[in-house]
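Here is the structure we will look at.
Labels for the chains are A, B, C, D and E, by order of writing; each one numbers its residues from 1.
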Amino acid sequence: MTGSTIIFYLLALLTLVSAVLAVTSRQIFRAAIYLLFTLIGIAGFYFWMQYDFIAAVQIIVYVGGITVLIIFSIFLTQQAGELLPKQKIGRQVFAAAAVFCSFALVMLQMINHHFTVTADQSTTPTIAAIGEKMLATTEDGYALPFEVVSILLLAAMIGCIVIAMRPEDTLPNEQDLQQK
Amino acid sequence: MITPGLYHILFISTALFFIGMYGFFARKNLITMLMSIELILNSVNLNFIAFNKYLWPGRLDGVFFTIFIIAIAAAEAAVAIAIIINLYRSHKSIDVEQTEEMKY
Amino acid sequence: MSNALQIALIPLLPLAAFVILGLFGNKYVNRSAGIIATFLLASSAALAFYTAYQYFFEYGKVEGVYQKVTAFKYTWLQFSDQLSIDIGALIDPITAMMLVVVTFISLLVHIYSLAYLKGEKRFATYYAFLGLFTFSMLGLVLSSNIFQMYIFWELVGVSSFLLIGFYYDKPSAVAACKKAFIVTRFADLGFLIGILVLSFYAGTLDFNTLIERLTSLQSAEFKMATAASFMGISALTWGLVLVFIGGAGKSAMFPLHIWLPDAMEGPTPVSALIHAATMVVAGVFLVARLFPVFQISPIAMDVVAYTGIISALIAAVIACTQTDIKRVLAYSTMSQIGFMMFALGVSKTGGEAGLGFTASMFHLFTHAMFKALLFLGAGAVIHYVHSNEMKDMGGLRKYLPITHITFLIACLAISGIPPFAGFFSKEEILLAAYHHYPVIFYTALITSGLTAFYMFRLYFSIFWNKQTQVHSEHSAPHDSEKHGEGGLAMMLPLIVLAMASCLAGFIHFGNFVTADGKPLTTALHLLFSVAPVVLALAGIGIATWLFLRQNDSPVKYSNKLGNLYKAAHQKFYIDELYGFITQKIIFNLVGRPAAWFDKNIVDGLVNETGNGTTTLAEKIKAFQSGKVQQYAIYFLGGVMGLTVLFIYLWK
Amino acid sequence: MNEFFTLMKSELVVTIILFLLLFIKIGKGMSNERLLVFIQVLLLINFIAGFVANEEGSLFGGLYYTGEMIVLQKNILNLGVLLISLLFADWFIKSSHLPEFFILMLSSLLGMFFLLSSGNLLMFYLSLELASIPVAAMANFDLQKRTSSEAAMKMILTSAFSSGILLFGISLVYGATGTISFEALPALLSAAPLQVMAFIFLFAAFAFKLSIVPFHLWTADVYQGSPTATTAFLSVISKGAFAFVFVTVLYKVFQPLHSVWYNLIMLLSIVTMIVGNLFALRQQNIKRFLAFSSIAQVGFILVGISSNTAEGTASVVYFILIYIFSNLAAFGVVGLIASQANRESINDYRGLYQTNKFLSWMIALALFSLAGIPPTAGFFGKLFLIKAGASQANYFYIIIAAVNLVVSLYYYLKIIRAIFMEPNEQPIAAIRVSFSVKLGLVICAAGIILTGLIGWIYDYIQLLG
Amino acid sequence: MNLLLLILIPLVTAVGVLLAAKQQAKWIAFGGAAIQLITSFVLLAAFYAQRTAGNTTQFLFEQQYNWFPSLNISFHLGVDGISVAMILLTAFVVIAGVLVSWKVDKMTKEFFFLLILLSLGAYGFFISLDLFILFFFLEIAVIPKYLLIGIWGSGKKQYAANKLALLLMFGSALVLVGMMGTYFGSGAHTFDLPALAKLNMPVEVQKICFPLLFAGFGIFTALFPFHTWVPDGHSAAPTAGSMFLAGISMKLGGYGCLRVAMYLMPEGAKEYANIIIILATIAILYGAFATMMQQDFKYINAYSSVSHCGFVLLGLGMLTKTAITGAVMQMVSHGVMTALFFAIIGMIYERTHTRQVNEMGGLLKVTPFISTALFIVGLCSLGLPGLSGFVAEMTVFVGSWQNADAFHRIATIAACMSIVVTAVYILRAIGKVAMGPLKAGYETITDATWNERLATIILISGILAIGLAPFWLNDLVRPGAEIIMQKMSASH
């Protein structure tokens, strides 16, 4: 039982428990916080696997970006402290059962599969190396995907602006709900 | 306890994946459903990193995949939230069960 | 040879009349239609007489035997390498004789109709139909090919249909013409299948070849036809019997006779032509034509003979009870044709044994004369009285003297009183049956007695008996000279036919028409003739006693006969039986269920497929619930289901 | 560098247009009418550019490859976008976000181009997202309509869900083979259970995009709620692009799993045809109806795909070309009527022929083509798909496909019946058809009639494949 | 003789109709139909000229253009005697159909356009020598029918139109599958009919494809139990629609059965001949009996069409040269006859505004021309010699009888029985409509107009041309049947 093992299990506990709480908590704000913990837990796994850069990105983008976005939107749409309406118990049980069976099936396949382990030299993904590759146009270069993502982000931005900034005068009856 | 390896991480990621699924199926609030999606994407990321780490450490395919997934997830989340906010404005609710006008 | 053209013209001239009058008649030449048609038919008749003369006296006989001469033959429809319908003309003694009979009677009817149908709106149409009928009948007798005969057979049927239904706005006429057509059609079905059977085994449709092949005991065709059997009876016999069914239908033999009495709805001259002299003997002609083949099969011959005699008897019995004068004549026709039929049935080929054949043809010939005369006479009477019913008549001898005399001659002829024509032919028939078919002989004897009875019942009822009220009421318009007996056009045919009825018996028929073509000398056996003549006289006597003066004994005696009389009066309920079969069984048990089945089952299935699809579509709509979470669950379910399917179940 | 420009020509032109629009948007100097004409001209140039200087080759170390067939496919999509710009002119001119709509549409188109050219799973995934996320935004462009938001919401959530599944599948593929490159994958794939499962995950994502049953459920709702222009884009361009890619991926990358995917496709295509038809039977909303009909059409496309031959590819490409004409003509008319008369129910179409002869003929032609009635091109398209499918000699399958063809005829005829036969007290009033729309419809009609009759079009496609 | 003319003339006519003014549409349609009729006669003459010149090639005037070369699909045209007969039939029916539609004034242009389009499909179908274009033209002929019935029909028109379109499309779907089977199963990967005919297809392929093709085409020609579109479709259709439907469309099926199914797959034909015979016999009798019970005049003729078309299938199923010849003759004969029948029913309906035979009576008095024509066509229908029906039916019977076993015999006899039943229902109908006392209310109706007369005369002349001189038709058809029979006997 090494320290790394202990850390691993702790991380696993943190991630899974907060993940479960994130999808079950009836207080939406708390759910968002649990999600945050889960994401942090995952970042922890990245650290644990020594992929520091990914872990950093995870924290910056997810924790710093997406979660904040989500929390922000919760503020916009939800009275704080308000409990979420209860889902029908039947639905919950059914969903749980379906999910569990699927999980079992997928796990079974994974365990049964013999993954080939290559004896490749492990490359340490330094930030520099990643950056270099990200902009390379040769083989193993990721310049093109990078560009694609940039266009996607641009498009997403424009889409968001159009959708979220809808002219208010068209909705006279909904003025009280305008964004703060 | 056994030394954690690939299968452990796979277990965790798969579990996360299905927890996310559960959330998607069972939650009524659109934002929580979106959160479930994030869980799903994260589980996939974990998968990629784990495979990269344990099976194919020679190249960084998994790592880059993860990076891009994170970027996409951000974009997706942004658009989704914009849509949800807009929906909230017209429906005055973000309960998924309020959005069943079109059916059959 | 120009002979071909000459023969071809015989049927074509009436056809020309049909086409011309049919297309342009009513509009352009309505008044002169009769003249045109009569003229054309007269030419045709002249040609026919000339042809018959040439045949009998110039070229027909080779070494003492009358030959079958094929005047011309064209392939009309090639079925297969062997089978084809050829349109041609085959001349042999019976054809020659029939040509004469048909054209002669038809001509007289044409003339008669000039007066009888004067003023009729569809005068031209009438003559067109007559032309069509004559054409068809001539084509029929000239047929060189069995299928050709079938063709004209059908055409004869349809022209009969048209003529019976000439008064198309009379519902009874419509019903009668439909009945005539359908009943004969039913019989034609037998004919058709018979043709198919015979032609299949003979490998030909040509009469000459067919007869040749099926009568030579050595030929392969013959062996095959007799070897193949169905229900223990050889295919040949089946074929013949089926063909005979066709003949029986046209000739109104029991039990297919039901159409004939109803057919009297047509104009009376038509009845004279079609339902007395020509068309109804087509069946006899058909059997005569195929006589050599029939000869091979005793069963077929028996069928012919017994059908003939049964029809003769039944018709005679029914005739005694009918009150419609045309119906009496119709049944009498049926009875007489029965005579011809059984005469054929009892005949053999060659010498004395072939007497039946000759007698039958002879009777056919004489019967044509006197029966046409009877019908035309009846026509004159109806024309005068405007009724068909005996009760409306009586004592007409003063008003219609010529009709009266000619009618009497005809009655004597049909009753078989010497020296009128009927006597000779009937004696021969009885003689033919005498030796080998005692049952038939005695039945025939009784029947001929009955014949005399009902004919004179008819005669007395019309011309003697009471003085009808109806007549005096109608006397005013009828007394005029013009309308009395209908003038020359109506009288002339009566007189001509009366003469023929007197004299036709003296023709020595055996010289011309025999089963094998060789002349047959028939002697008159005086002693043999005694019985029939006495019986006939007895019949006349009884009729005289009962009907000469108006009295109540007919009613008395008919009441005494009770059910028998009633049954005979009701035509032995055969019509009702048919009605039952067609209405109840065919319509209700076949037609209606078929229609029902189609509407509900076949169509229903198709509709149900449609409805089922719609219902199914309605049932599965819940899947598209509009709930995005359910969509996701189905998504996952789909993925997992397919995974399981393709990993574990369907490799 | 020269090679870079020729090979990536399609993408570059679209990108340039995209940025031009962005600048215009920022500049805000044009009325919608003029802007639309400008856009149409640009798209026309884009379409024409697709015909020149086409080469085969790959870039970025195999991340991007192109060939004549791919350029053709891209250009078919270009044509579709051009037609959309013509057909929905009415709605565009009214719209307050015209340039944005086109920016989103073109970025989605760009995503499709990259998708068609992608050389590994990463590019594949990214371009897939690029192709779909903007569409979700486009679905919300009827900003005031509740149904539009609902549609967009359903679209983005289900699409994200399906990407999750796709990614999970990709991760498994990656784990099992160690590569994400299309070139290397076929040699490493086998029918091991995990790989089959991974393949099915991937397949499901495709199935989702192509609306294959049971992954189709979002389709109808999204089609119905979105603005008609978006619906048209989604049902024609997007579907076409995914079908193209699907063929390529299945034939090239997943060839080792042929025995699995053949059965899978057969099964799903039968189900898809049946379900699509059954749902289409009972629809009252015409857009929803077209959604289900397009689901059934996908079933037929799958029949062609199942052939696994060059003919399969050719028949799919050919069918999509025809499908673009037919379906766009239908949506064009529907969109016009929706935007001017605000009617979308099939009942409202009763008696349309009395008032709008031109539109009636156009939609009738389109529907006949969709139903596969000669002499419209749809007949040829369907026939060649079925013919391609029949090369596997699976008659049972072909019979089912053929019978479904008949069922589909029933509901297409339902609309024809409404338009031509059924009486209506108040038919839709005569609708003004602007030049642009008319031009678009005429082009569609010409395409519907001529694409089939001119035999060499198919031959050309087959030649490239 | 360039066969493309046969397609181009209707095509040009159709376009002309669309471009013309409303009033001119019918004249253009009439002109086109007339030119087409003349062309058909020219074709007949040219065909005879070639044959008498000793040209014994199976298909004459062949033309072949590449259409989809990569799929081996070519626009291959050619005719043999059977096709020529069918083309003549079509030309007759089309011109008559245009003439009786003279008074259509609801969407006139569209009406004539669809009529001509339908005829285009039929012409193309009859001259195609490539399965693909054959199928193409077959399907072209379906939808116009749907529209004709649905828009201009009467009664349950939409229901009938739907049923018709769906069942026919179902039929063509089966054809499609059979075609595909032929394409791949033959191993030749071609749709070319003569090329396929040269091969001997594997027996197992024949056994699969023959029933598909035969049943598919059979649906068009009212194969029991898929005949149910016939009564409803015919009765709901406008007059010209019924004429085309019964006169042309049903013949497409028979022709297809012969030209495609039997010609290509003799083994399959042998395999399934008995089933065909059973179904055909059922159709013949059952159709006839069902007709007896009908009250609606159009239903009478529609059901009788089922019965009459049964003879076509019976003749085909009998597999003898004579029977097949008879089947084709029956197609031609029935086509002309039934077209005339429907035309007359239409004329009567226009005047009496009822189709219930019970409500009519004595029309001979007021409409002698129409009623006479009714008599003629009725008699033709019941197989009167001298009219076309007789010749065809007798050929079928004689041909059927050539099979000497009990099964065929019984079937033939059963089929023969229908001639009696036919007589019953035809006479019943004629008796009710034309004969009897004139029903009140019909005193003032007028006889046929010039266009109706012309149409009637054209069709009657067709009936007489076959009925009085069947040899030319027979000569035309027999060689075609002979080739099929040769193929049949060659394959063992």
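Assume contacts are C-beta pairs under 8 Å (C-beta built on N, C-alpha and C of every residue); 3 or more make two chains touch, one makes a residue touch a chain.
It should be emphasised that the depicted structure is a prediction, and the values quoted were computed from it without experimental measurement.
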Original post:
Which chains does chain A share as contact partners with chain D?
Top reply: B, C
Subject >> Partner chains that chain C and chain E have in common >> reply: D
**OP:** Could you quickly compare B-D and C-D and let me know which has more C-beta contacts?
**Re:** B-D
Original post:
What chain is most central when centres are computed from CA atoms?
Top reply: E
**OP:** Provide the C-alpha centroid distance between chain A and chain C, rounded to the nearest whole angstrom.
**Re:** 102
Original post:
Which whole number of Å gives the spacing of the CA centres of chain B and chain C?
Top reply: 96
**OP:** Round to the nearest whole Å and give the separation of the Cα centres of chain A and chain E.
**Re:** 70
Original post:
Whole-Å distance, chain D centre to chain E centre, using C-alpha means?
Top reply: 42
Original post:
Which chain A residues reach two or more other chains?
Top reply: 95, 98-99, 102, 106, 109-110, 115-116, 118, 140, 142, 145, 149, 152, 156, 159-160, 163, 166, 171
**OP:** Mind pulling the residue numbers of chain E that touch at least two other chains?
**Re:** 166
Subject >> Numbers and ranges of chain B residues touching at least 2 other chains >> reply: 17, 20-21, 24-26, 33-34, 55-56, 64, 68, 72, 75-76, 79, 82-84, 86, 90, 99, 101-104
Subject >> Interchain contacts, given as pairs of chains that touch >> reply: A-B, A-C, A-D, B-C, B-D, C-D, C-E, D-E
**OP:** Going by the contact rule at the top, pick out the chain D residues touching chain C in the complex.
**Re:** 153-154, 157-158, 161-162, 165, 193, 196-197, 200-201, 203-204, 207-208, 214-215, 217-218, 220-221, 260, 263-264, 275, 278-279, 281-282, 407, 410
Original post:
Which chain D residues qualify as touching chain E in the complex?
Top reply: 311, 314, 368, 373-375, 379, 383-384, 386-387, 390-391, 393, 395, 398-399, 402-403, 405-406, 409-410, 413, 416-417, 420-422, 455, 458-459, 462-463
Original post:
What residues on chain C touch chain A, complex-wise?
Top reply: 633, 636-637, 640, 643-644, 647
**OP:** State the interface residues of chain C toward chain E in the complex, per the touch definition above.
**Re:** 26, 75-80, 83, 85, 147, 150-152, 154-155, 158, 165, 168-169, 171, 174-175, 178, 181-182, 185-186, 188-189, 192-193, 196-197, 199-200, 586-587, 590-592, 594-595, 597-598, 602-603, 605-606, 610
Subject >> Residue numbers on chain E that touch chain D, as the complex places them >> reply: 66-71, 73, 132, 135-137, 139-140, 142-143, 146-147, 150-151, 157-158, 161-162, 165-166, 169-170, 173-174, 176-177, 180-181, 183-185, 208, 212
